[in-house]
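Report on the following structure.
Note that the chains take the letters A, B, C and D in the order they are written out, and that residue 1 is the start of every chain.
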Amino acid sequence: MFKRLDDAGTTMTLTVDGTPIRARSGDTVAVAMLAAGIDHCRTTPVNDVPRAPYCLMGVCFDCLVTIDGVGSRQGCLVPVREGMKVETQLGKREAGR
Amino acid sequence: MTEASELAASYELVVIGGGPAGLAAATLAAQAGVQTVLFDENPGIGGQIYRGITSTPVRDRAVLGDDYWAGGALADEARTSGALIVNGATVWTLDPTLTVGVSIAGKARLIQAKRVIVATGSLERPFPIPGWTLPGVMTAGAAQTALKAQGLVPAGRTVMAGSGPLLWLLAAQLIRAGAKIEALLDTTPRLNWLRALPFTPDFMISPLWSKGLKLLREVKAKMLVIPVGSVEAVGSDKLSEVVFDGRRVPADLLLLHQGVVPNVNLAIAAGAEHRWNSRQLCFEPVLDRDFNSSVPGIAVAGDGAGIAGGPAAAERGRIAAIAAVRALKPSASVPDPQTARNALQREESGRAFLDVAYRPADAFRRPTGETIACRCEEVTAKQVRDNADLGCEGPNQMKAFLRCGMGPCQGRLCGLTITELIADQRHTTPAEVGYYRLRPPVKPITLAELASLPISEAERKAVER
Amino acid sequence: MRTADVVVIGGGIHGCSTALHLALRGLKPILVEKDYAGRHASGVNAGGVRQLARHLAEIPLSISSMEIWEHIQELVGDDCGFTSHGTVLVAESEAELASFKARVDDLRLRGFTHEELIDRAELKRLVPAVSDHCPGGVVSRRDGAADPFRATQAFRRRAVEKGAEVIEGVMVTGLKRLGEIWRVETSDGPIEAPKVVNAAGAWADRIAALLGEPVPLHVIAPMLMVTSRLPAFIQPVVILRGRKLSFKQLENGTVVIGGGHLATPYRDRNATVLDWTKLAASAETVWELFPAMRAATIVRAWAGIEARMPDDIPVIGRSGTSEGVYHQFGFSAHGFQLGPGTGAMMAELVATGSTNVPIDGLEIDRFRTKI
Amino acid sequence: MVAEAYDVAVVGGGLVGVATAWGLAREGCRVAVLDEGDRAVRASRGNFALVWVQSKGLGLAAYAGWTIRSSNAWAGFSDLLKQETGLDVSFQRPGGFHLCLSEKELEARANTLKRLHNQPGIVEYKTEILDHSQVAKMLPDIGPEVVGASYCPLDGHVNSLRLLRTLHTAINARGVKYLPSHRVDAITREGGEFRLVTSQGEVRAGKVALAAGNANMKLAPMVGLEAPMKPERGQIVVTERLRPFLPYPVVTLRQTDEGTVMMGDSKEESVDSRGLTLGVSATEAERAVRQFPLLANVNVVRTWSAIRVMTKDGFPIYDESETHPGAFVLCCHSGVTLCANHALTVAPMIARGALDKSLVAPFSARRFHVQEAG
């Protein structure tokens, strides 16, 4: 869906559902997932259909993911960190994570 | 990186939002010696228009254009102005007592302000077409954010659709960045241009005129532009093709845009009076000439006060800040607001023309059938229309019946659609129908954060029995 | 090896009803009956379909059952000989009538309006043959009676049509838990299912014992007798509180007299020995209350074996010891009317894990010795 | 607008009004429901959706029986609604808890229940006091601070927003005329019929049933009735949708069938439904996290405050006018719990034109004079 203009900038690695992806400092989690070609980041709690980032400015809440064990984080507002563990969020969130 | 615990209990001025209005306001106030804090929920300042201004990996200045880089000066001034700028700070409540609830890295604080300038800017108008919730469908603004902040450009088969200056600007930026766009589907109703004629004189003297023409020419030269009356996103688990006027094109990415509208959630939750703007088709706060809202001490500057664009937003920020400084420190020396007012008038002069010329078609604002109106709760246009027929007069009753607006986005992506659908179905005006009643938190916070707030004995007694 | 979604133990009206309602929910039940469906209490009881004078804990089940009885044809494709002429509880003294009134008022406050206090005149109108010393009573007008054996068989038949398997002449000999599955050992080989319903009537305590869940179940055999044909003289079923009597004239003119006098049961031999002195006592009560009956002769008497709990209310709900096992027994000589509704409720409980028909107070745990 | 004539005009489009209107329509009455507009102060949008029995009736024994009556009727009531509308209000009666976070709370709880059940004339029903381990068997996720609870098997809950929508759908299907933005300013009785003066013209009806919540205070005197009210503010906190984790409703915390968790049951004198006291929400959140620690990281998506309809002594008022025959008033705090009674018991009484004293006499507003006299 997207490609990077150039590969400059320091890179780091995070995992999405256990699979390592490369990201660049300055990326947000949502953008890193888009750049890695991951086509959806969650399924909805109502009809369980897939969703991907829509607005990238913190208002649509379609980029909700589980980050380091904490669910329902807005991927477009969270900067990536080396070793970050991201999980796609499936349906309703589980209390306690 | 400032932490919640490092914040003072109170500030003279709290500015909410780090776009042009917020930056200009914070700069002016801080330089006048007012103790100022600026909260912005994004990782960096600049807002949406100057997104990533201090960090963008895009080297070639031509790609984003001079108007973007103009934001650099604003950012530099702000950072040296003495104002405390806190990024990654989400403001989730603001009330008439000027208590500001802010959350930073999962820690919540209540801050007392003497004055507040809300500069939460704008967001893109909902674009409820069939399939707009599919992965692969995004707002044009999202693509622009990815370009500015992270240097991402669309790859694969990309289609743009919609109306409005920003769509054309993005198209030009993407072309310059080397992206390949299959087509731009122009949803602007043809008749708009006739309706806009009366406003042309103003527009021709405004700076927008020449810029606008240049953009149109640049884009039309490099991209297939097709006027359309309908757009549909089709696909099972993600976008596979775009259907327009009965024609189909395969697509991996569809970028939607039909103008921007004020981001009113915080101001409404704070109790500021709002009204329907029938030319811009959105709700906006009721403000005086210094951008003070109906709630004493709270001003709303920037596009949140009504859409006028980046440079205008900065001038509004300055005007609001001057009023704030005069109230807080009558002795402090401030620039003459008239300068800003004049500049603002220049910037606003062409607005009316653009509003009318790019007024989105009813068909793209008032969906029918199974098209989703509320993305969070997956409520369809038909459900909303049916319940309006049942006697449901307004968005708040509708919310109770269908849960539309009850999801995490708290109505930001359905509010206008629901209001317009009810108006349409009950043959009345959006002004009559009104908007969602909004309550804190305007952005979700965790129970633990809420639980950590100070509690008075009376408040505890109200619950414990 | 047979497998099912649910194994139902016991082919009385309760087992058959539960099997039918499970099948209607799309589950596959196998019903295991050691003799044949309706062989015992369900087949040979007095056939009263009675909401009147029930224990509070039973009333919701009784009411939901009544709804079904009134449309029984639609459910099982047979009217089961159901007729509705009401049940009358006759007061034999003013004091008794006063206690009935207190009961009726209490029920009314709880929203139960099926019991209605009646005076001497209305009693006479409903039961002209009743003796004059009776000052009034209570009527439940929608009550009635049905043919017990025919009804039990109808439930069995429709359950099979809807996909239930009914195995008769087969005895359950053991219950083993294998992970999520119950292995039900029978004289005809094992059956495996995740859920088990114990509706084994007079033998249910033995099933419970296999689960380490002892219950104080008493085996009883309520006696019934039937008279020669008489001219029609009474429509409602008549019952007494003070003395043991239930009383009903069938279409054919014969009168069935019951009321709880007991024979001696021998459940291992499926046998009962009648107690003629007690039958004589029933006859005497009838003699006093219904002069019109004095000409009648008793042509036949019999008894059916069933279970009675110390508190005279059934055991319904989850097992206290064994996940996936549910109890439905101990109806203490008044379970026939409850069959349709209890089966529906049990099927809901087994299938969905919950039910809105309140059964609290009926759980087996009430017999756990509190530590 | 031309005045229309109805058998009954129900004033109030909340749960009490719409349930009554539905019951009246079932009795064959031509009914109009007069309601306020979209921004009206609405208890029915802000309630806690419990169908609750435990601890009802302390101070007025008859209230316990009245509540149990409705609780018993609820399952059948929701089935009827489903048959008529196809909408499931997801009524569930698994039993309910009142969790206590200190020995002091638990002891107070036990005493309340003892006093309640010792009242003369009380309808007997089961409520148990359970210790931590007994509660943990049924609610595995409770925190260590939960010392115990009271449990009543008759307690349940429902999706109350869907209930309101379902009742509106049902009355619409039964031909009831719903008139939004018809605030009633005056009621007069002329020539044996009532005239209700609204901003949008006059509505005429043979009978009138006042179900306008706290506004009954103002309306009742117009028809020779009284409704002494003492409105209360309650705040509620709601989370995002979660997977099911809470099998039983707790009096202050429940998980809806949609997955969201509601916590609330605060009581404040203030009656400004717009203002919110953050500290109250904070207390509710703090107690919720102590009761169920796994909720700590869960996101709050909304908080709101609603004005509770509350009579002066907290018990319902059902009355009929002596000076204005055909005028009735219904006030109660528990519009959800008593919904089945209003639809299935009270509405038929109104249709017949007379309240059944043997059921609702204890709830006449006359009781307030008795108290004031004594």
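Here is the rule we go by: a contact is a pair of C-beta atoms (placed from the backbone, for glycine too) under 8 Å apart; a residue touches a chain by one contact, two chains touch by 3 or more.
Here the structure is a predicted model, which means the values were calculated and not measured.
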| item | value |
| --- | --- |
| Per Cα centroids, the chain farthest from chain C | B |
| Which of A-D and B-D has more C-beta pairs touching across its chains | B-D |
| Chain closest to the middle, measuring from C-alpha centroids that were averaged per chain | D |
| Inter-centroid spacing, chain C versus chain B (mean Cα positions, whole Å) | 69 |
| Centroid distance [mean C-alpha coordinates] between chain D and chain A, Å | 43 |
| Centroid spacing, where centroids are CA-atom means, of chain C and chain D in whole angstrom | 38 |
| Of all residues in chain D, the ones touching two or more other chains | 240, 295, 297-299 |
| For chain B, residues contacting two or more additional chains | 407-408, 444 |
| Shared-contact residues (touching 2 or more other chains) in chain A | 46, 72 |
| Category of the chain touch graph - line, ring, star, complete, other | other |
| Interchain contacts, given as pairs of chains that touch | A-B, A-D, B-D, C-D |
| Contact footprint of chain A on chain D as seen in their complex | 141, 240-243, 245, 259, 261, 292, 294-295, 297-299 |
| Touching residues (chain side chain D, partner chain B) in the complex | 35, 37-39, 42, 44-45, 105, 161, 164-165, 168-169, 172, 178, 180-181, 235, 237, 239-240, 252, 258, 265-268, 274-289, 295-304 |
| Contact footprint of chain D on chain A as seen in their complex | 45-46, 70-72, 91-97 |
| Complex contact set, residues of chain A against chain B | 1-6, 8-9, 24, 26-28, 31, 34-35, 39-40, 44, 46-47, 49-62, 64, 72, 77, 79 |
| Residues of chain B touching chain A in the complex | 41-43, 48, 52, 55, 57-59, 88, 90, 123-124, 133, 135-139, 141-142, 145-146, 149-156, 177-178, 237-238, 252-253, 263, 375-378, 407-409, 412-413, 444 |
